[in-house]
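In what follows, subunit A forms one complex with subunit B and a second complex with subunit C.
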Partner chain A sequence: MARNLNPFFVANLVISTILVLFILIPLVSLFLYTNPDTLRELFTGYTASEVLNAFETTFKASLLSTLLLLAFGLPLAYTLARHSFPGKKVLESIIDIPFVLPHTVAGVAILTGFGSRSIFGEPLERIGLVVQDSFWGIVAAMMFVSAPVLIDSAKVAFQSIDPELEEVARCLGASPVRVFATITLPLALRGIVAGTILAWARALSEVGAILVVAYYPKTINVLVLEYLNVYGLSYAIALSTILTLVSIALFTALRMVLGGGS
Partner chain B sequence: MVSKSLVLVALAIVVIVAIAASMMVLGIGSGGEMRTSAAVSSMATESVAKVGEGRVLKVFCAGSLYIPLKKLAEEFRKRYGVDVHIEPSGSVMVVRKVTDLGKRCDVLAVADYRLLPMYVYPNYSDWYVAFARNEIVIAFTDKSRYADVVEKHPEKIFEILAKPEVRFGFSDPNQDPCGYRAVGVVALASLYYRNSSIFEKLVLDNVPGVRIENESGVLHIYVPPSFTPRGNLVVRPKSVDLIHLLEAGELDYAFEYKSVAIQHGLKFVELPKQINLADPKYDDLYSKVVVHILSGTDRERAVAMESIVYGVTVPKNAPNPDLAIEFVKLLLSDVGRKIFEECGQPFLDQVLGWGSIPEELKGLVKIVG
Partner chain C sequence: MIVENLRVRRGSFVLYVPRLEVGRGECLVVLGPSGAGKTTLLKSLAGLLRVESGRILIDGMDVSRLPPEQRGFAYVPQSYALFPHMKVWDNIAYGLRARGMDRARIEEKVRSVAKVLGIEDLLDRYPHQLSAGQRQRVAIARAIVVEPRVLLLDEPLANIDPSMRSRARNFLRSLLTKLDVAVVYATHSLVDAVSMGDRIAYVVDGKLAFLGNVEQFLSTDYAKPYLEEIEIVAKYLRTRT
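For the complex of A and B:
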């Protein structure tokens, strides 16, 4: 027990407490400000269907965006972690750009790139993929802004695995697919899970790019802004509180299921 | 264990208090700021130019006022050495920031002066003035479909907007005055051209849930709380948001304020005076259209169309009331008049004021209420 009270531990704990409080105090005050009557009204009044639809849209789009990112991002992250090629540094910087761009600019970029009147947009529209004011536009905006998070954390996770482990398995006759599935992926899993949660969270929180690309169907964050404008602060806060609670539950569950216990 | 963790929490609190105390001592944060402004107002007799050094004037304004106010702010900085921070947003949001979010600003300027008596005066300010005007135009770019036709025959604009391959937009009527004004302008066009299909094709067919009723010669338009367009109509929260889409070529035409079109270098169609909400002389005619926003809710509000007139005030809790009034004084002077003229927002023939107008402004304002 005495070991617990060494100065380093105490200093660490004190400093950590400050940061936790810094995050906690605004969140708690958000809950305290929430008016239960407003909360009830949101789900029973004329806003009910709009709010429920917005939740559905937000979670569906962010889930889809995260799954698509996993499907396309893991191979990319693995390639970046294991191979070097000319222009790799430039490519890595390009991948990080969506993180740097102001969100409105990100939205404009998506529209000019994939909008139905752009070069790529016209063929996409023919197969039913329209971005402007559509569900796919929301998915595109979310993917664009959260891609760097997932790719970078998966890359670091892959990099932390000793390539010799993979080579040994391959020498013992395992196919590259089997090596990836049984050695690489399990070892990198925690880093990938952490990256996935962050990418999902980033997708859930996006609003700036979505406002430009697809104001409709409305997501929760678009609705929060609209309610702040139209109905005032109490409605916006009630909506944000629900989003916060759902996110806490969701991410805790994800960590418990995928995070390997601890 | 419990007592140990209690000790640690207590320690943490001590550290936080220590940090907070040192910040206060160093004068960081609101405490220091408040002391300074109290000291400053006690020296009110000194020249503003002197006490203004190093202070920051905060202005909340409608998006459409951002550019002229920025130019004015530059003038102000030159004269008084005061930096001006301007925060643009939708006019209703401008008001909400002060009344709901409790944010403090020195000057508050909105795209519809009538919002001020509705929300701000007399609870949050002692006076307000109406000073400049604007009008609704239909903005487009070279990339817009039928741009060549519109340039030669601007009178055909409503015909072109109704074409199935043309995409046009306005802002959400429930959120932005430019939005309900756009709906009103389309209705006024129906009246002016004696062609009810204009409103049917542009609004009724594109937005489910909108109703129109003719009550003894006045058109009442009911806009539902969830304004969800389909077809060729594109809606965004503020009219300025539509400009990105226009410039990206995703939108062909947008209902905008003339000033916004000029300031963004867009081409635009001017509409007849009888429908463009520019001229206070036509207010009787404009008021033949009433737009009910958020209809069917307890927040439903009937907005009769009127000429577009900008309003400005200084909130009661402005951190720098002396500078704020100097800023409004410069705004209402010939300097402001010229800037606003160039930006497409000409002044009213006579600036109008309500409430207890500050002494410094009395010479510039005609007090009407």
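For the complex of A and C:
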């Protein structure tokens, strides 16, 4: 114990505490400053259906965007982890662009690329995939900003597996698909689950790109902004508190179920 | 198995083998220093590396363009590459399941090969619960249970503790003599080469420099780097005769 109390350790402890408090204080304040009457009013007054619809839209869109990312992102992550090809570095840089792009800019880019007057937007609209002010626009915005999170996590998970395991499995008579299903995927699962949870969290918290692409149907984050502007901080706090509680509960449950209780 | 004019390129490294032959029940040792191309040769034979030119004939059929799962070669890498998320039983059964064998037959074959290799009491363990020697036996059991046409062993004794290596070597030698399969055994150790091989293929800088029996090899200049080992080899040969 005495050995731990050296000046370096104490300095680290103090600096770390400041950062932890910086994260905790706003979160705790949300709960402390939530007015129970406002909270009740949100779910019983004229705002009730709007709030419930916003929650439904947010969770449905974030879940769908994460599932779509899994379906398209895992093959891409595996390809990047296992194969070398010309332009690979460029491709990896492209995938990481949403990390560095301001989210309102991401929204403008999505509208430009998939909006009704764009080259790709018109054929998409013909099959019912309207982006502007629609549920699919929210899904697109969420996918765009959370794609690098899932792809990079899955890529690292695949890279961590010794390729000789896959090679031996092939020599034992397993097809590439069987090797992926029985060796690669089970061994990379923990990393993929972690990436999926983070990608979902990223999608759930998105607001900037959604504001530009699809203000309607309103997500809960858009509603928080709107209530802040229209009704003041009290309503925004109440909504934010619920979103925080639901998010923490969901992510904890998901982590426990998918991560084997750890 | 007959290998003809095999050329494999890995970056700037080129492996070229004009001709190699290994018969059923024979063990050909590929000897050479680190980086000589031993693993490249084994992986090329297994179908894990693309062959630039040349042929790999099995019973007259060229398999050099077939994917690994269709060649019928079993490959045991230096690391053994046991599947860490599977118990020993499932590791051994993996290739049999991939072939769609029924459960009763798999059970019978796994038990049988486990008995041959003396690992019956390890079947419920995970690879991380095994010693290096036990892992080696499991890897070999997993490879031979599928009755491969060619068994490719890459430095199978390299990870064994030196104090246990002699015992492991003797066990492996007696096992290989019982198997009716063509074996290609890569090693950098002359002791291992002499213990295991019927013939030696000496590879250096990607080229097949020598092909012949042990006695012939020892009289060449290629044997000079192994002077330290030669005394041990001589002792071994005396005990064998």
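Quick note on the criterion: the second predicted complex is superposed on the first by the 240 of 262 C-alpha atoms of A that agree within 3 Å, B and C clash if a C-alpha of one lies under 4 Å from a C-alpha of the other, contacts with A are read in each partner's own complex, and residues count from 1 in each chain.
Basically, contacts are C-beta pairs under 8 Å (C-beta built on N, C-alpha and C of every residue); 3 or more make two chains touch, one makes a residue touch a chain.
All values derive from a computational prediction rather than experimental measurement.
S.K.: State whether A:178 touches subunit B only (first), subunit C only (second), both chains, or neither.
M.R.: In the superposition, A:178 touches subunit C alone.
S.K.: Determine, under the contact definition given at the top, whether A:13 touches first (subunit B), second (subunit C), both, or neither.
M.R.: Only subunit B; A:13 stays clear of subunit C.
S.K.: In the overlaid three-chain picture, which partner chain does A:215 touch, first (subunit B) or second (subunit C), both, or neither?
M.R.: first
S.K.: Using the superposition on chain A described above, determine whether A:162 touches subunit B (first), subunit C (second), both, or neither.
M.R.: second
S.K.: Does the superposition put A:186 against subunit B (first), subunit C (second), both, or neither?
M.R.: Once the two structures are laid over each other on A, A:186 reaches subunit C alone.
S.K.: Scan A:108 for contacts with subunit B and subunit C and give back first, second, both or neither.
M.R.: A:108: touches subunit B, not subunit C.
S.K.: On the A-aligned overlay, A:170 touches which partner chain: subunit B = first, subunit C = second, or both, or neither?
M.R.: Second partner only.
S.K.: Who wins on subunit A residues touched, subunit B or subunit C?
M.R.: B
S.K.: Could you pull out which subunit B residues touch subunit A in their complex?
M.R.: For this pair, the touching residues of subunit B are 4, 8-9, 11-12, 15-16, 19, 90, 92-93, 96, 100-101, 172, 174-175, 225-226, 228-229, 234-237, 241, 244-245, 248-250, 294, 296-297, 299.
S.K.: Over in the complex, which subunit A residues touch subunit B? Could you list them?
M.R.: Touch list, subunit A to subunit B: 4-5, 10, 13-14, 17-18, 21, 46-47, 50, 104, 107-108, 111-112, 115-118, 132-133, 211-212, 215-216, 225-226, 228-233.
S.K.: Note which residues of subunit C are touching subunit A in the complex, please.
M.R.: Going through subunit C, the ones touching subunit A are 43, 46-48, 67-69, 71, 73-77, 79, 81, 83-85, 94-95, 98-99, 142-143, 146, 152.
S.K.: Quick check on the complex: what are the subunit A residues that touch subunit C?
M.R.: So the residues of subunit A touching subunit C come out as 162, 164-165, 167-175, 178, 182-183, 186-187.
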